[in-house]
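Down below are the structures I want you to see.
Here subunit A shows up in two complexes: once beside subunit B, once beside subunit C.
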Partner chain A sequence: MVYFINDIITGALIGLLYSLVAMGFVVIYRASKVFNFAQGELVIIGGFIVWFTTMQAGLSLWLSIPLSLVLAGLVGYAIERIFLTKLIGESVFSMVMVTVGLLILLRGLVLLVFGPAVRPFPIIFPLKPLFLGDMLIPMNLLIGGIITIVAAVGLSWFFNRTRSGLRMTAVAEDHVVASSMGISVKGSIAVAWVLGAILSTIGAMIFLSGKSLTFLASDIGFAALPVALFAGLESIGGLILAGIIIGIAQSLTTNYLDPLIGGSLGSVVPYIIMLAILLIRPTGLFGWRTIERV
Partner chain B sequence: MTYQSNRGLRGLLAAAALAAAATMPLKAQAEETYNLALLSDFSGPYADIMPILAGGREAVFTWWNETRGKELGVTLNYKNYETRYDAAQVASLWPGIKSELDPIAVVGLGGPDVAALSERLPEDKIPMFMATAAYGFAWQPDAWIFNPRPTYSHESVGFLNWMREQRGGDEPLKVAILASEASPAYVDMAKGLELYAEEHPEEIDLVEVIYTEVQPTDLTGQMRRVVRAGAEALVIQTNTSIVVAAKRGLQANGANIPIMVSSHNGLPASGGALGGLEQMEGDFEAYGMAIAADEDTPARQFYKTLVADYGLEAPWNVVTAMGVSQGLYTVTVIDHAIEANGAEGLTGEMVREALFAKPITTEETHGFLPTLSFTPEAPFPLEGLKVNVGTVKDGKITIGATGVDVPQVEKW
Partner chain C sequence: MALLLLAPYLVSSRIIAILNMMMISAVIAVGLQICTGYAGQINLGQAAFMGVGAYTASILASKTGLTFLLTIPLAGLSAALFGFLFGLTAARIKGFYLALTTIAAQFLFHFAVLNLPSTWLGGSNGITVPPAELFGLRFVSESSQFYLNFAVTAIMVAGAFGIVRSRFGRAFVAVRDDDVAAGIMGINVAATKANAFLIGAFYAGVGGALWAYLIRFVGVDQFTLFHSIFFVAMIIVGGMGSIVGALIGVFIIRIIQEIIATVGPNIADSVSFLGGDIVFAGMNVVLGGVIALFMILEPKGLMHRWNILKSSYRIWPFPY
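What follows is the complex of A and B.
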């Protein structure tokens, strides 16, 4: 029974890591109605920035972490300025296609700049797990879970209680209308990409702490996708619940069903849950329902 | 002009004509050129090892062209094609490769090449030579795709039996395997070992079969299962990221179960990804190929020749050894085909026939591979299978054992 509870806790914490990466999807979507297919690549870019500042530049973690977050924010800002600003007012489809192009471009850039070698990622969180009796909780996931919840509360407050956040929501509704109301569409979208890049970098630190770094780590973006769609692409608070549900379902499947069937159903379960929810409620659990009056 | 001078001129012309006639066959020999298509992954999951592996095999082709090739009047041209380790990419590239190069052989990389081309190569009558161990799903008679090593499961079984002998006692060795459904080859590694353990319960007790992603989020829970099951060895023949995640999972559980890795995710690569080879202390790599250890072996001497005279820049490690051994058995088969058929008009079919006609001796591959006797029954030699074992001792790779017998493994 202890192990069963332990698997539930670990699963919930892995789910929260997915939620953090999915938050990048949601922040950008909420500000621009653009689904960023390159979210996993932003995680990799963030990971390489952290690796470079610590392992290459030799900075201490206390210095490299804030510096990496600033650099990641600048990368997000640059991406928005170079690729997306000119598309404001164009169809959302064009912007989404640009993110598909970004996915390929960023992968190529990572290979070109950093090369293909598998690198050791710095140990940011203690490797020694937390022992609660017979239970064992990985420290990076535990601290990551706390960071995710704090980030979710902070971002919910930002989007729902601050003028900047509400302006971003208005931008997502309609670029032209928001512009005509005096809201800076460019500014709002830029803030969203900066936030998305910073969240991805935090996700990279939790995900990769003490492990290895290659561009394959971008797969975490696909792992986070079911969480974002399950929660509904506009809900930050919903991500927490969706992440926990998906993480627990995945953990229990991996630990109890997979050994029986001799396969990897655990990696598929998040997508099964996502599809089931989308069939019942196409906007996800907490997504906004748009009512159009004709 | 006098008679004498005329005679001198005629003599000179005759000598020139003779000299020209004597050089003509040589000139004609040197004109025989054959193409090899090299399938590579410089931007996919094996992008980290590809430049090293490619360096190894290309240096062998250069060496062969400048030595045996010159003697035989044959030049082997080659061209790399980027497959991203993706079967769909290989399949879409193949018609273009065939029309552009008309190769007499393909030098492949991994499972996606096998999956994409196993139906096409018999029709096109072009053999493909791999560097890796073989796959159970490709274990068919009348193959056109060949591996110098037995299947990954043969290699792991050979190693596990050796480990059981080292441990002593009659109890079966408790083993866990970490695989992934990301590639058919990864699944195959687990399936073969599962079947062997099922048929030989007195030798191997397979306590856990775990499937994970190629870049796992966390394996602490899975490693706890492995530890609780009392595993004495953990087989990981997939990639370095999984080795790193498993190692961290074992460390979190306070356990130190020896890990066995393969050649493509060998000790140097996995150790490097963990931050240092010393992190893999007591772990093993096992495969049917020379171990790239510090010892001065014939394989290492040949590697030094390639570095000194043929521009090889890759370091002495298992991936370089893999590339060199692939190049060596490929050129040896072509050499045998030329011996049997002459240098002119060589075809892929003749190269394949030469593979069955004559064994490739360990001397011909400079000790990189054991003597290989291919038969039409399987894509890899079924007799005389051996594996070598490398381990990390005091932070260095050393040879744990050489020529370990591989027991008979049934087809799965």
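What follows is the complex of A and C.
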């Protein structure tokens, strides 16, 4: 029973990590109507920035973490300026394909610049797990979960309550309408990408803290994708619930079903949930009901 | 055309190998062109469909010993069935949500191969494929395979020209341009979308079977999301909504790939820390850059440029 509860808690915390990465998807979508397939690559770029500032440049954590976040924001801004600004008003297909192009472009660049070598990642959160009776909870995931919830509440407030957040929401509704209302579509998309890159970097810190860093870590982007869709692409608060549900489902499948069938069903459970939600309720749990059905 | 038939006698075997790859890619890219370019259904799972075809062909060939005359169409059919399942989701959702389900197809394929019992699909070891054989003639050498690929590719491409001219093809274009209007004109939109996936996946399956007979080995790593994106890059470069465009795109992307594969190892010697990954990395950088550049500068592809050039030549010296 203790192990069962422990599995549920660990699963929920991993789910919250997925939520944080998925928040990158949602923030970019929520402020620019662009679905960013290259989210996993942003995570890995964030990871390399953190690695560079701490391990390579030898800065202390208190200095390197804010610096990394600033640098990541700059990278996000640069990507937006180079690729996305030019596509305002273009079709969905163009937007999707540019981020797909970005996905392989960034992966290639990371490989070219940093190579396939495995690197140690700085220990940002204490390695020692938290013991709760017989239960054992990884510290990085616990702190990460708290950060995720704080970020979700904060961003949710920003997008739903503040004036600039609502402006960005209008951009996500319709580029043309928003710009004719005097809202800067360019500015909104720029803010979105800066935020997305910063969130990805925080995700990278939690995910990789004390582990090793290779370009393959970008797979977390695709692991987080089902969470974003399950919650609905416009809902930031909903990500928490969606992440927890998917994390628990995955953890229970991995721990109890996989030994029975001898496979790794756990790794596809999020995708099965994603397919199901796309078929039953394409807007996700909390998304806006704007998806056109045929 | 006739010159192409004589190619094995005219050029070196290296070029024949490249031509083989090009023809197989052409079959798959033409299928993607019908699905994405004509019917407007974003498909990021073409490599998974190709994989289904390749696995079907190799299992049929290695376990039942069926002739390739049967395994290639059957591979196409099984891939078509797989594609149709995902096409059904296209009947309900559109735009990039669709792209997400096709990505899910990619992951499910990967999972199925790796996690089903390895006696079924070979697991992570892959499957070795016996060579194609007809009347005691074995398609082993590059040049004999050239004829096999050439025959199949010619049939498939000719078929594609037929399909896009037929009522199906016109329905695809109508659905792509405006599905509501198409529905009002009496086109069954859902069925048309599912059909587009069916046909696109059939082409991918046939291409996959050819691939299995060419490489004589299939493994799950040959059919990743990256390969799907490469195929999408081909039709974007060539031009959406044109069969000839798909062929041009295949030609250009494969040439780029060859250049990188040839030049890459030389560069790798000077920057040794990258090792063998430089080809993959270079490929990604170039193709990602190409996709983004074309989407920003020329979303309609090279075929569109060519058409502009052609019409301005025709009406010269008048501007219009």
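Going forward, the second predicted complex is superposed on the first by the 290 of 294 C-alpha atoms of A that agree within 3 Å, B and C clash if a C-alpha of one lies under 4 Å from a C-alpha of the other, contacts with A are read in each partner's own complex, and residues count from 1 in each chain.
Heads up, the rule we're going with is that a residue touches a chain if its C-beta (ideal position, glycine included) is under 8 Å from a C-beta of that chain, and two chains touch if they have at least 3 such contacts.
Predicted model only: the values in this text are computed from it and were never measured.
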Putting subunit B and subunit C on the same copy of subunit A, do they fit or clash? clash
Touch test for A:L63: subunit B only (first), subunit C only (second), both, or neither? neither
Please indicate which partner A:S264 is in contact with in the superposed arrangement: first for subunit B, second for subunit C, both, or neither. both
Pick one for A:A117: touches subunit B only (first), subunit C only (second), both, or neither. both
Have a look at where A:P282 lands relative to subunit B and subunit C in the superposition and call it first, second, both or neither. second
Considering only touches as defined above, state whether A:S251 meets subunit B (first), subunit C (second), both or neither. first
Should A:V98 be classified as contacting the first partner (subunit B), the second (subunit C), both, or neither? second
Can you tell which stretch of subunit B bumps into subunit C once we superpose, 22-30, 58-66 or 112-120? 112-120
Common interface positions of subunit A, toward subunit B and toward subunit C: 107-108, 111, 116-117, 263-264, 267
What residues on subunit B touch subunit A, complex-wise? 42-43, 45, 47-48, 50-51, 180-181, 194, 208-215, 217-218, 220-222, 224-225, 240-241, 244-245, 248, 251-253, 269, 272-275
Can you name the residues of subunit C that touch subunit A in the complex? 40, 42, 44, 89, 91-97, 99-101, 103-104, 107-108, 111, 114-116, 179, 183, 189-190, 193, 226, 229, 232-233, 236, 273-275, 277-278, 280-292, 295-296, 299
As the complex stands, subunit A meets subunit C at residues 35, 37, 83, 86-87, 90, 92-98, 100-109, 111-112, 115-117, 222, 225, 229, 263-265, 267-268, 271, 274-275, 278-279, 282, 291-294
In their shared complex, at which residues does subunit A touch subunit B? 3, 6-7, 10, 14, 17, 107-108, 111, 116-120, 127-129, 136, 138, 140-141, 207, 210-212, 214-217, 219-220, 223, 251, 254-255, 258-259, 262-264, 266-267
